[in-house]
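This is the structure I have questions about; it appears just below.
The chains carry the letters A, B and C, assigned in the order they are written, with residues numbered from 1 in each.
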Amino acid sequence: MARPDRRDTDQLRALTSVLGQLSRADGSAHFASGDTSVVCGVYGPVEAKLFDERLDRAHVEVKLRPDVGTPGTKDKWLEAAVRQTFERHILGHLHPRTLVQVSVQVRQDAGSLDACAINAAMLALVDAGVPLATMVAAATCAVLEDGRVVADPVAEEVEGARSVHTFAFAEGRPAEPVYVDSRGTFDMPEYDACYGVCAAAVGRVLAFMRSAIESKVTRESQVAGA
Amino acid sequence: MSTNIIDRRRINGPQRSVEPIYAKPVVAFSGDGRADGRLPESVRPIFMRTGPISPQASSAASPSGSAYYEQGRIRISCAIYGPRQGRKANPRMGIFNCEFKYAPFSCSWKRSHLKTSDEKEIGLMLEQAVSPAIRLEVYPKANVDAFVTVIESDGKAATISAAINCISAALVDAGIELYDSVAACSVALSKDLQWVFDCTQQEEDAASCSFLMARMPSVDEVTYLLQHGKTTPKQTADAIHVCTNVSTQVYAVICRHLKETLEGKNESDQ
Amino acid sequence: MSQSEKSGQITFAMQTFERIHPVEFQRRFLTQNTRLSGREFSQFRALHIVKGSIGTAQGSATVRMGNTIMVCGIKAEVCEPDVKRPKHGYLTTNVELSPMCSARFRPGPPSEEAQVASEHIHRLITPSVDLTSLCIEENKVVWALSADIVCIKYDGNVLDAAIVALVAALENLKLPEVKVDPATGVVEAGAEGGVQLGIVRRLFPATFALVDDNYLVADADDAEEQMTSASLLVVLDDQGQMVNVWKRGAGIISRDTIAKCVAAAATRKSEIEHALST
């Protein structure tokens, strides 16, 4: 049985990204995986509010806005997930007593939003020049009713799936997941299969992100040179 | 029909929901017998516990003192923080704050998560009833905060008086300097014009007047009086008289518990 | 507080040391492969569950895990069903972390921690109950259950305690027999034991925390949680199948360690099962 958009089981949707689109932010990224698309702006390091000020490191704040309506607990949940994924990878001790604000705006949710939000935030942090220990990217896969493992599921597939798995990895460390959220009903072999699929997918996402950053840097250096 | 307020920081249910109508048993509230077979002047059995459950070192964020209090079906938990720095500060005296909250499932109807006006009012009443017992002048610029949560209630006046007793015990556990512990009790006026102690919700609904008194028994000073409903001055004077006796009994129960806890602690230290 | 100087070394009472340098204090235990509580790294706290203690709630349970105490109470109301799902009732789950249970929480609206816990538990419990069993009359009336999980004392690992409390309270839930008056639409409740909530699966949580970047401990208490760089929640169902694996924080918990934790969660499952049945 073919997938709704006729992809192979391990094929990701087309990835697109635009860096530095927002003029007011210190760095920004628009990241889309098929129809799921997220815009993220990073402000920082800026002055922290007295309450948030940390003496030895920068305070990382993530704000997430949904595509429709006002933010609810669902958005708060994802907000916390994005923040916890990055908090330790930002070299905050280089900017003590400051604030790094990450603003995530969901444009459209057509499945696998969590991974898309993490990827967009990552690109925006790189674009803003926030010092980072490593690059992190995320990918989602689902185990369908018939037992097939599909990468980057669309909303329709998530709806009928037995379990959905989102993994985030740091570059070059496929044995140490940074973030895991597996839910549904599944056993260890299924979990392992999903782990493998996501680890491979994250590798491709990271390569894509790297080339997106490289092409932006090249373009900027050409402009500067001309 | 109640409309539920959409709170975007919580999981929301349907916009409108109501409680089904329960067939309530009719209780005759008269002097010749109470639904639970108590005598008019008897208070429901009190159980209390102060301090952490296991004697293990507690973390820096845990309260300075805490108490759990049961009186019949009433269950109340209270935590005391302080003396600590607070938002309000008085250079001469400490400030005692009290936050009172009913758990959403603690009453016969579903309560809102948001703080309601009656919770604010009860919080203020507790502050006024308990503050006179605290030596606030020895804590200048500091705050003593009490957080009270009702896990289950049964009778409003009885719940408030239980909360006062619970805070008193928690204050002792926190080591806050006190003149005396405050002990409270409540009475309601039955149909045959008799004062009946510690009324349940059913009894209170049937009563024409409810009366609450908080008192410091060892110095014999009243710290708070509250009356709902109409009485003659004589009846009110009677109420004060009977409450004086019973609050002393309640006080004895609190003191006995605190003494036993202290003795238990000393034994485990040795 | 006793403080004396002997040969240039300052000595403190244990409690003083803990207050001044909590991280170093915990580290002294961890480097000796012990914990302040005397537990093994893989040892969970004992669970005590009391079901049905609250008379004003239709279902309730109190869970004690060391110094962490959570009370879950379920209030049942009736409402009109959603037009799109005419046979489905409602179940809302909210976790309350008030300043009463710990100084970490401020008065006012729920903190991020409380919101994330509420949301996560709601996502886990929704597929675990049969909401159609809450139907009274299709398209007309369904039950709306609101489960509130209140933390009375906070000493770490509220998520495990909250999930267990919720499951125990749902098991304890007794809904009354109801009659709908067709003319007025008034819902009258009669004797207990009308509709029974269909529980598809029970949830058995186990949380592991990576303390001080090096030590993976089961069921961290408050002091240990303060030093946690990553936490792992594993939830199993009655058959021992995995329902949720949730790793947060950037600390390193490797793939193999996660597999080991899943195995350890199966042991914890039998402990919780035992506590639920008594």
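Simple rule for what comes next: contacts are C-beta pairs under 8 Å (C-beta built on N, C-alpha and C of every residue); 3 or more make two chains touch, one makes a residue touch a chain.
By chain, UniProt protein names: A = Exosome non-catalytic core subunit rrp46; B = 3'-5'-exoribonuclease; C = Ribosomal RNA-processing protein 43.
Source: prediction; values computed, not measured.
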Which of A-C and B-C has more C-beta contact pairs: B-C
Identifier of the chain whose CA centre is least distant from the whole-structure CA centre: C
Whole-Å gap between the CA centroids of chain A and chain B: 50
Centroid spacing, where centroids are CA-atom means, of chain A and chain C in whole angstrom: 28
For chain B, residues that touch 2 or more chains besides their own: 9-11
Residues of chain C touching at least two other chains: 115, 118-119, 122
Residues of chain A engaged with two or more neighbouring chains: 73, 76
Residue ranges of chain A in contact with chain C within the complex: 73-74, 76-77, 79-81, 84-89, 175-188, 191, 195
Of all residues in chain C, those that touch chain A in their complex: 112, 115-116, 118-120, 122-124, 127, 201, 229, 232, 237, 241-256, 258-259, 262
Chain B-facing residues of chain C, complex: 14-15, 18-19, 22, 36-37, 53-57, 60, 64, 66-67, 69, 71, 73-80, 82, 90, 92-94, 96, 98-104, 107, 109-110, 115, 118-119, 122, 144, 146, 148, 150, 152-155, 176, 178, 186-190, 221-223, 226
Residue numbers on chain B that touch chain A, as the complex places them: 8-11
Interface residues, chain B side, partner chain C - complex: 7, 9-14, 16-23, 52-54, 56-63, 66, 68, 73, 75, 77-79, 81, 99, 101, 103-108, 110, 113, 145, 147-149, 151-154
